[in-house]
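Paired with chain B in one complex and with chain C in the other, chain A is shared by the two complexes that follow.
Right, the complex of A and B next:
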């Protein structure tokens, strides 16, 4: 069920060329727009619509189209509505402009996306590492980074048959099959 | 807050020194560190340093079935796990267009408020501990345990309940549970005056906490502060009222606010919220027996769910502020992407770096705790 977008929002959206608006539930508006028009939308929403609160910036990777989708979730404390603005940027070179000047919470989210996906935000106050301080590998949230592959490359399989496990098996406990060539194995460093 | 006879000592720049504050200290519910630059005992500059509790939940969730993730999500925030299950489940329900039965909605509300009570009791104890008042810490933790006992009875687990699932809840309320919950609430109400004597109305606490880590309403809005920390600045915003979910639109409650925006105001707002949560729980106890029906929507085999292509952003008012889950499905048996937006991602990083500047070193732990920042939520 598509609902009527409030006039105030509609006036903002009219200023953005090529914007597609979906209003499916009472307090949620989903818009899809060209990446270069996003800062203008955020400015207009903040100035005219009262969308002061940047709730989050989410990054989604789409390897088939070789793109990153960035989603800016904005909340208005006045009209109690949430606008989620979806844009797509090419995966290579994976650069976009920072919106820190408009919404300062963007600083954390952009730093996080840079760390986890390798997207660089021009003009962001800090693109330094925060969580993965000692990590030199590829951005780990990318789809081509396999956690299991990393474990297999980094650690060695070793047999693990402690006494308690053998006793439990003798009593008929069902042990889940483990990966490895000869029965129960555990990864150790 | 400085004593009346405090005289600041001006140090030359060479007197400034760095202190690595953490990762184990009483100022926070988990491991987290601050790089503090000090002149004398006055904080000049702060940089947050996280990552001690990074377990890669967002990546792990992409490799597990929709239902398996229920076992992962409560672990994202230890002191307040129920909102995590609730927010994730609600996102899955929107994607799968699942209607939650009314009885399940009431039970979920009950769990959310019980979780808020435990988190706030934990907070009272923790905030007191940062000032060296350990009696109050033991009280807070032991009273929280009484509610955890009820959680154990209801869900089988004390902290990681895995009780809220997409489509409803895992099991119904045991017989006599509401009576026992009611008695526990009575007990907590009788405890509140004692907490007042020891902690909230204690002049030592007031002197220490007043003026510590203040922020103005404008700053709070600018920095993305949410939840009780925002309400302590005088802004009455609460997602349970503004963006209602479950049955909150049928419940009566006040949104307590304070105007000072300092550590004391943040603590007092949480004290009032505890009273409001007890009030909400009493309404649920009165109403729940008359709400009959199933506790789960009829769903196919959960190990074979394929959710349609789409995305959903759901939010819950957790005890710490606005908790959001952005869940994307590409039509498969596993989430394509789950993004967790924890309230502490703002409070423990950018906000903390700003409000501790100019404060005294001995207040840093207190300011951190007064924001109720939860590092597991930041690191995920």
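Right, the complex of A and C next:
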């Protein structure tokens, strides 16, 4: 179901070569475009369409095509519509241009994406560590990073139903895991 | 036990042994009994509310279930609290803060692990950032299982802890001193070899006469090696390595 895009938006989209517009619901427009035309689209949307608010930048990794998809979510307070602009960049080298000069909140989103996916944004004010300040490993949201493998290597598991605990429960005793045969509390008694 | 590396003289094992319960004098037994009873009836709880479990505490504390009936009150600072309540999951970053908080508390201190996350990571079991077993890093007195435990379960957990304190069985805090090397080893495994806290746990262990075979070891030996890090507190790890190389 494709609805009519408002004329104001349509005029903006006409300026961008190779853009594909999907107007799936009343307040949501999805556009797919070439990566190099994205800054122009953001400028035009901000200047002519009233899309002042960059809600978020999301990143999707596509291992089959070896690409990152970046989605820029833009919101207009005047027409109360959301435009999400989808671009794809090659995973290697994984560099793109920062849109910090157009929307300053982009600085945080790009820093976050750099931390989680390893995409580098040229011209961003800070590409330093953001939330994972104590993380030295690879970008953890990448598909080739095995979370489970890392967890198994790093942490030890607590057995849920060891035999000694079952025996203690049958006797009606309340026992801590540390008080089990291998637990530290047992040894110090 | 390697005593040479430490400025604090750790007393030999024989002299710091605690007299067993049956070896105490009658007066001491009575006094201990009264002390334990009083201690178990006046508990101040410090909430470490980084997980979702914090939402179950207001009903437990306030008029609906009213924890003050059993002599418990919330407290806002670690140094005046008896119980450290860890309500839910801990990430590697928050675990650091928990350990710093725990070491500031005065003995005797008790830790309650709240919810499945403190036992085995809970629903975040396969997350790279979430700590799985809290009991590896600080000694835990009681766990409350559940995701989330209801206020009734929380109260049951507190009553269980009260019973343990009353019976003189809530002694996990002593284990931190006796087996400090083991706890520190787990901490260093996550935070790196240069992990240091401002608290001199080895010195405290000697002071409380709780130093045991597991107090010093290969992991506490690393503390000495990185002791200068205290002066360079806040210097990033790479820069510190440069400083160290140049000095």
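Assume the second predicted complex is superposed on the first by the 155 of 189 C-alpha atoms of A that agree within 3 Å, B and C clash if a C-alpha of one lies under 4 Å from a C-alpha of the other, contacts with A are read in each partner's own complex, and residues count from 1 in each chain.
Rule of thumb we're sticking to: a residue touches a chain if its C-beta (ideal position, glycine included) is under 8 Å from a C-beta of that chain, and two chains touch if they have at least 3 such contacts.
Computed from a predicted structure; not experimentally measured.
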Partner chain in contact with A:154 - chain B first, chain C second, else both or neither: second
Partner chain(s) touched by A:140 [first = chain B, second = chain C, both, neither]: both
Superposition-derived comparison: chain B or chain C, residues of chain A touched: B
Chain B versus chain C as contact partner of A:132, first or second or both or neither: both
Those residues of chain A which chain B touches in one complex and chain C touches in the other: 132-133, 140, 147
Chain C - residues contacting chain A, complex: 92-93, 96, 119-121, 125-129, 131-133, 135-136, 139-143, 160, 171-172, 174-175, 178-179, 182, 189-191, 212, 214
Of chain B, residues touching chain A in the complex: 48-51, 54, 56, 58-60, 63, 221-224, 226, 235, 237, 242-243, 311, 313, 315, 322, 324, 326, 328, 336-337, 339, 341, 345-346, 349-350, 378-379
Chain C contact footprint on chain A (complex, rising order): 132-135, 137, 140, 147-148, 150-151, 154-158, 160, 174, 176-178, 184-185, 187-188
Contact set on chain A toward chain B in their complex: 27-28, 52-56, 58-61, 71, 73, 75, 77, 80, 82, 84, 103-105, 107-109, 112, 116, 130-133, 140-141, 147
